[in-house]
Amino acid sequence: MVKVYRKAQFINALKEGDFVDDVFVVKIKKGISQYSKGYSFELLLSDNTGKNLDYKYWGGADEEKIKLLYSSISYDAIVHVQGKVSFYNGKNQLATNEPFIIEPLSPEQYDLQDFIKSNKQDIEKMYSNLIRSIGLVQNKDLKSLLEKIFNDEGFAKKFKQHPASIEIHHNWVSGLLQHTLEVLNYCMSSANMFPELNKDLLITGALLHDIGKLEELVVSSRVKGSIKGQLVGHLPLGLIYVSNKIDEIDGFDQNLKNKVLHMITSHHGKTEYGSPKEPMFPEAVALYYADEMSSKIAEILEFIELSKDDTEDEFIYNRRHKKNIYLK
Amino acid sequence: MVKVYRKAQFINALKEGDFVDDVFVVKIKKGISQYSKGYSFELLLSDNTGKNLDYKYWGGADEEKIKLLYSSISYDAIVHVQGKVSFYNGKNQLATNEPFIIEPLSPEQYDLQDFIKSNKQDIEKMYSNLIRSIGLVQNKDLKSLLEKIFNDEGFAKKFKQHPASIEIHHNWVSGLLQHTLEVLNYCMSSANMFPELNKDLLITGALLHDIGKLEELVVSSRVKGSIKGQLVGHLPLGLIYVSNKIDEIDGFDQNLKNKVLHMITSHHGKTEYGSPKEPMFPEAVALYYADEMSSKIAEILEFIELSKDDTEDEFIYNRRHKKNIYLK
Amino acid sequence: MVKVYRKAQFINALKEGDFVDDVFVVKIKKGISQYSKGYSFELLLSDNTGKNLDYKYWGGADEEKIKLLYSSISYDAIVHVQGKVSFYNGKNQLATNEPFIIEPLSPEQYDLQDFIKSNKQDIEKMYSNLIRSIGLVQNKDLKSLLEKIFNDEGFAKKFKQHPASIEIHHNWVSGLLQHTLEVLNYCMSSANMFPELNKDLLITGALLHDIGKLEELVVSSRVKGSIKGQLVGHLPLGLIYVSNKIDEIDGFDQNLKNKVLHMITSHHGKTEYGSPKEPMFPEAVALYYADEMSSKIAEILEFIELSKDDTEDEFIYNRRHKKNIYLK
Amino acid sequence: MVKVYRKAQFINALKEGDFVDDVFVVKIKKGISQYSKGYSFELLLSDNTGKNLDYKYWGGADEEKIKLLYSSISYDAIVHVQGKVSFYNGKNQLATNEPFIIEPLSPEQYDLQDFIKSNKQDIEKMYSNLIRSIGLVQNKDLKSLLEKIFNDEGFAKKFKQHPASIEIHHNWVSGLLQHTLEVLNYCMSSANMFPELNKDLLITGALLHDIGKLEELVVSSRVKGSIKGQLVGHLPLGLIYVSNKIDEIDGFDQNLKNKVLHMITSHHGKTEYGSPKEPMFPEAVALYYADEMSSKIAEILEFIELSKDDTEDEFIYNRRHKKNIYLK
Amino acid sequence: MVKVYRKAQFINALKEGDFVDDVFVVKIKKGISQYSKGYSFELLLSDNTGKNLDYKYWGGADEEKIKLLYSSISYDAIVHVQGKVSFYNGKNQLATNEPFIIEPLSPEQYDLQDFIKSNKQDIEKMYSNLIRSIGLVQNKDLKSLLEKIFNDEGFAKKFKQHPASIEIHHNWVSGLLQHTLEVLNYCMSSANMFPELNKDLLITGALLHDIGKLEELVVSSRVKGSIKGQLVGHLPLGLIYVSNKIDEIDGFDQNLKNKVLHMITSHHGKTEYGSPKEPMFPEAVALYYADEMSSKIAEILEFIELSKDDTEDEFIYNRRHKKNIYLK
Amino acid sequence: MVKVYRKAQFINALKEGDFVDDVFVVKIKKGISQYSKGYSFELLLSDNTGKNLDYKYWGGADEEKIKLLYSSISYDAIVHVQGKVSFYNGKNQLATNEPFIIEPLSPEQYDLQDFIKSNKQDIEKMYSNLIRSIGLVQNKDLKSLLEKIFNDEGFAKKFKQHPASIEIHHNWVSGLLQHTLEVLNYCMSSANMFPELNKDLLITGALLHDIGKLEELVVSSRVKGSIKGQLVGHLPLGLIYVSNKIDEIDGFDQNLKNKVLHMITSHHGKTEYGSPKEPMFPEAVALYYADEMSSKIAEILEFIELSKDDTEDEFIYNRRHKKNIYLK
């Protein structure tokens, strides 16, 4: 029976002098060099803490062997590493000296959850909250559509695990589900404040707006964009998916179809953010801002979480938004 | 005792052939012309329906008298008008022929409520909701600040009546109060979803963010910008006001002061929207989007309400946002 | 048997004093007014020259009858008009005085070709040029796709007649076909100059890029946007259509599918022009510029054609592009 | 009595082989590493020439001792260093080998002037020029306001020393005073050329426009932004300050107050540069351009001064303005 | 001998009831209409006050005669008009009833100065100030260049009269000379404040920067763009002119030539304002801001001058800059 | 007789362990360092493959000698190098150990063609294609102009060799000629599709639009911008050149001159891309898009060619256009 390595030593908790015997994911391969005693190579490792770790393998004089080892480790591979942590150039570095080892693992030898950031919330509870919201929908066409999609077992299994983005925000297990619920919550707040809004449309828009992300992102040892996702984008992929699901329902109201497709098309709010159409009715406006609010608050909280240990300053520069973020 | 004219005939309900004997506000004065029987003048009238009405006075040959009458009617004046509605150039027109009259009224002769769009909600209930939210604040500095401001009777009286803008959104009696509560609601939704957010700061920001509007807008027979408001703006006026109120509280935490001022400074979200600083911490981000969400949803609902009767088309063009709005 | 009115008197050729007995389309209804002898109403008429004509009906004192006549004429209706051309306010005006008439026509009474700008080129020849280009495609998946779509008789019939836009460019019978061929020509020029380009992809992209316009625009008595088109847009509609057509072909190469969908997604070139993705490979770049070149040259030629008679100046201002156009 | 170290060896004049025994400021701490003979650490030093210097301390085998020394040196500290200059990787590097030392100094041991770029002009003369301009103001309200502020001794002391920015322009001792005088000079030129301009308003605006910088920037061993400055900004801080000073003057004309506050609010010229209002009257326009002219000319001169020794090229790229600057 | 009509009755001073017998320029021709007694036509007149005046000619029943008269009056013509001022639709209107006349004049019959806004300053004094500045130039190449150009008698005659723009700013007789001197003054202020700046280059840049306007604008009965000016622009026209003048000087320093051409090329400051290059050295930066300062202050002063009589409001909207201007 | 070194070992084909004895160009000088056995220095080398190569010289203990050698090698120099290729830090590195050498060469010792990317097409054939297009011009003024320019032998020699840019696109021997022909081809395609276009103007515009690049770029051991080119730009330089050539032709039609100059002025299409005027007539629009199409397709093909070997990913990020490029 295959041994399964489970993670116990996390990068953000490593200290100088620790001996490490654990699994990591390879983010960057930095090449082989010659040194006084033979050949060495360097990697950049990561794990589900989102932090990186410099790695160095100090090999012997057998050039062939080191090259073989190096080429057996591919980009995005999960590796089992034994080595010691030292402090170099102001950062921790993990180094392996023989007879300690580094070896790539096959999928049966590790658990993917160890490499994707995990969710702090109860996934099943979140999903049943989502399903409950479908019960509130009164229009029978929209209710059929949502039930057809979200009650499908295979779909549900995938949707529960999917992240909402590669980085930036909700980039963890069930991130898409969590983001979808946040958007739903803001939409329900809007529906309560503004009785003119159509609650059925808001629920439908909230649940379906990012559904194209199931095809846009792929999750292996890390979250990354699929080729289809990079070339077509989650917004058109979602439109194609939902349009086809609607067409499978006999007698679905065509104006309602137009409205649902519009809400997906326009949910980025502005053409310069990638929406072919800008929101043209109130529910589409409400959905756009709900999506913004959920993603932008999550993003700044994530950013602070990730960077607050990197500085003693009160402020840290955020490159994506070109402004300082206050940390205190 | 002065007769008080109360409004009964609203512009959006007038029909060709109606005889009108009611009060209106003068929006535009269009000048005097000569015609076959003497001198006429034209006005553009309005009332709290937000609609406009063309007006024509057909006077006699006494040039002096007509000029005197015309100049007695000032821009923004409330006038008592008797006349008949006809349909001209595809629009209703109200015309006065002697012996019927048009006469400017003095403030005791009309009720301002007839000229500002009224609120559909219970003002006192809204204000007590606002006061109740102050009770949730646990930080004593912030609680003192909010109580000092919102428990002041004179302040409360003004705040309860104030609109939130000249046009665009929440431009009615208590519009500022209603908008403030909507922003508060979205902030509370955010606080519930994201436990990392500081609820005290969110409540404080929501309640104070638009407080400068009390000085920016003046309400006479219609909502308009004050000179101070046009030259300085509600954002700096709010900053000056809140900064001074804080300084009246002994020992107010200075970092908290900085944060509160930052939330006001940054609540337009981007420098190009008039914020000298963009949001630099999560509560400021949440406040910005709450403000956006409340105002943008209210704006499109208002726009549809005002324009849906003007077209039989499915779409109507919105000049401010340069896009069509779907009306069905 | 129904009399069919065919157009003979075109707006751009009318002269003061002409007696008119012909068909026009109603662009704007301007309402009824009272005048000394009774009731009149005004319209704005148009025909396939793209020019407008002011119209006035001088009716008698029977208010009911005039109102009935006015309301029988709907927006976008085709009307048969008898009247005389006068010169008023610097423009021609067509006026009907009884016993001459204006009457709305039913679809059997006119020929739609008289109201849509006609094409100067041979439609069948253009379509067979398009079909011939499919013969050049060597990849069997792409060839199947194009044949499946363009050899369908019902599709071909519609595609041959369709305009490419409401106004701006190629807004005439077969405009879409003509624009598609121009884009194809530029793509073939690129393929000849740059041997690295994949000619099959270029032909496929050229032929399919605007296919969503078949659902975006509707042609009645004039070209206008469908509700679906306004809410979803021709780019997503084209993606849904082509994606489904591809899925009907067994074993279609999935990477090729991604590329074809990318070319449609990105053919507006920039997100701010409504493309969710910007061109990411050379054929998509070539297609974008081919589309730009065809539409922008056609647009300025159209603009000059339409406006050159309106001014004696050397330059005329183009509002859409905010610059002067030189006419000499 | 404490020894005070005064600077004599400036970074821009150091040459390979020089022995250094002088004071520097610590800009970056780069961490400790192990090497063949023990432990070393690296710093980045700076002084008032605005140039940086790599620093390396080669310590012995006593790990505890080196760590203690390293942690005694804080970011922004002033240090006394003995060591030798070598040329490494194309740059000078200062290295300390025991028994030579590096030690942090306390504030009594150095003179702050050695670490802030000094001014080439006579500070007292500049300030008396500023005071003289107040004498030209004829409006008594504005004159009182300026006298109240600039005649205050504590204020004057601070204003005389303050820099105008962290980097970019006028970032030296008395930079704010110098910039204020330049803006004043341009305003006086404008007043002379355009007699319609109100000279009193121009002087007031010039003197007060950047007054918020006294709270925005703090000067320790280097110029940096205060937390208040980063969160609120010098423009709102100036508004609050001036508004309060005005309110202390009985009977200050309220329209004049609005104008003065407007000039401060709008002096960045455009909302995207952080002004909540754009200049709305001629003096505000003149002030905006005077501020631009002073700061942009100073900036390019500074940039050339700092970078001309770094290249033999005729051009050097300026990242902030995304263009090449010509150096010959 | 031809009678020369000199202007005495200016549009901004006309009052209801005035009888007018004076000269005007025709800005717009509005076409002929029929009325109860025959044929009338309308024009829009103007004069050097920059104000417009509605004009109506009430002709008799002889259609041929009125058409002949109307077509004898061309766009931009100078006309001699007799008529009476009435107040119609809130504006003055000048109307001619026979036997009073309107007649087009030939160039000998009027003085052009009456139709171009005149300058309030002494032209010869301004020009000698400009010439005096050339005396300050020490570099012999630059001095030769400036003398060659500005000492040419034909050139001087044209330069002295030329306006600096069609509207917006300095759009009057000698406007170009006046603007050039203002730019020179700001440049001299900069040279005094910043000793690093090269005074010779500043003077040269100031004097030559807008020299292409001599070819860009033509002055007939009003200031308008030449075809060459509209198609090529004053910036390239100036470059061609100056480049050729330099090439006529033997041994002119080539790097200096590059710098002078750069200052002309870059004086609009940003590519989006039409400069192919942005300022790359300090003197080019100083010139750009001097040009901005002169034109923007002149523009707002002009705007207020022209519009302050049109409103009783404190603010008036400026379309070009999309903001309100404060008038009090 | 001088030995001429011809290139045989190209950077993109070097492998670890190769011994190199060949010529390279020096792109960056990285300074001298001390190491255990003496002094070393580093360079960055390049050749006409467009690829870079790290270089290290390991010298002995004679500091003077190494410094002399280092300073004899100037930036942009051509060097003769002997050394060995190793693999270091994931990249190839060429290292010289004495007695092998590195030495700068004088111009007679190498062939410039080895350092500029060569063209894959037949230069003489391309030029005769260009000359043939002049034969198609029917307007005698335009024909004279083109013949005067392109039949000049000295001009032709230079034009045949010139690149079209420093990097980005067509940055190789004859790149300008090749780009000019591509633009011509697209213009001819446009002329064939749109008979309203003036073919003579299109040919003239295509041939002359980038002629200023002859003065903008200089070719030594690499392509770089001339000082004149950087300060003035190829667009104004082209305008000056063509304007003067036209003026040498007696009786050249002045409106035609304006049009030709306009096509050069406007060929970047938008002011923000550096055109003082945007295209104002159809031929100028067609030229702009032809230029865009040629350069943008060439650019992405170049980019893929250069970067496809640098990654195993399907996508590579393009910094200039801020998007991923798909490589498969």
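When the chains are written out, they are named A, B, C, D, E and F in that same order, and each has its own residue count from 1.
As a convention for this text, a residue touches a chain if its C-beta (ideal position, glycine included) is under 8 Å from a C-beta of that chain, and two chains touch if they have at least 3 such contacts.
Here the structure is a predicted model, which means the values were calculated and not measured.
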Worksheet entry | Third chains touching both subunit F and subunit C | A, E
Worksheet item: Rounded to the nearest 5 degrees, what is the angle of the rotation that puts subunit C onto subunit D, matching CA atoms?
Response: 180
Practice prompt. Sort out for me whether D-E or B-E is joined by the greater number of C-beta contact pairs.
Written response: D-E
Item to complete: Find the geometric centre of each of subunit E and subunit F from their Cα atoms only, then give the gap between the two centres in Å, rounded to an integer.
Response: 44
Worksheet, complete the sentence: Flagged in subunit F as touching 2+ other chains are 227, 230-231, 255, 262, 280, 315, 324, 326, 328
Worksheet entry | Arrangement of touching chains [line / ring / star / complete / other] | other
Response to the item:
Chains touch one another in the pairs A-B, A-C, A-D, A-F, B-C, B-D, B-E, C-E, C-F, D-E, D-F, E-F
Worksheet entry | In the complex, subunit F residues that touch subunit C | 182, 185-186, 189-190, 192-194, 196-197, 255, 262, 278, 280-282, 285-286, 289-290, 292-294, 296-298, 300-301, 304, 315, 321, 323-326, 328
Discussion item. Per the contact definition, I'd like the list of subunit B residues that touch subunit E in the complex.
Written reply: 29-34, 75, 227, 230-231
Practice prompt. Can you check the complex and tell me which residues of subunit D touch subunit F?
Written response: 86-91, 312, 314-315, 324, 326, 328
Worksheet item: Considering the complex alone, what residue numbers of subunit C touch subunit A?
Response: 227-228, 230-233, 235-236, 239-240, 243-244, 254-255, 258-259, 261-262, 265, 271-277, 280
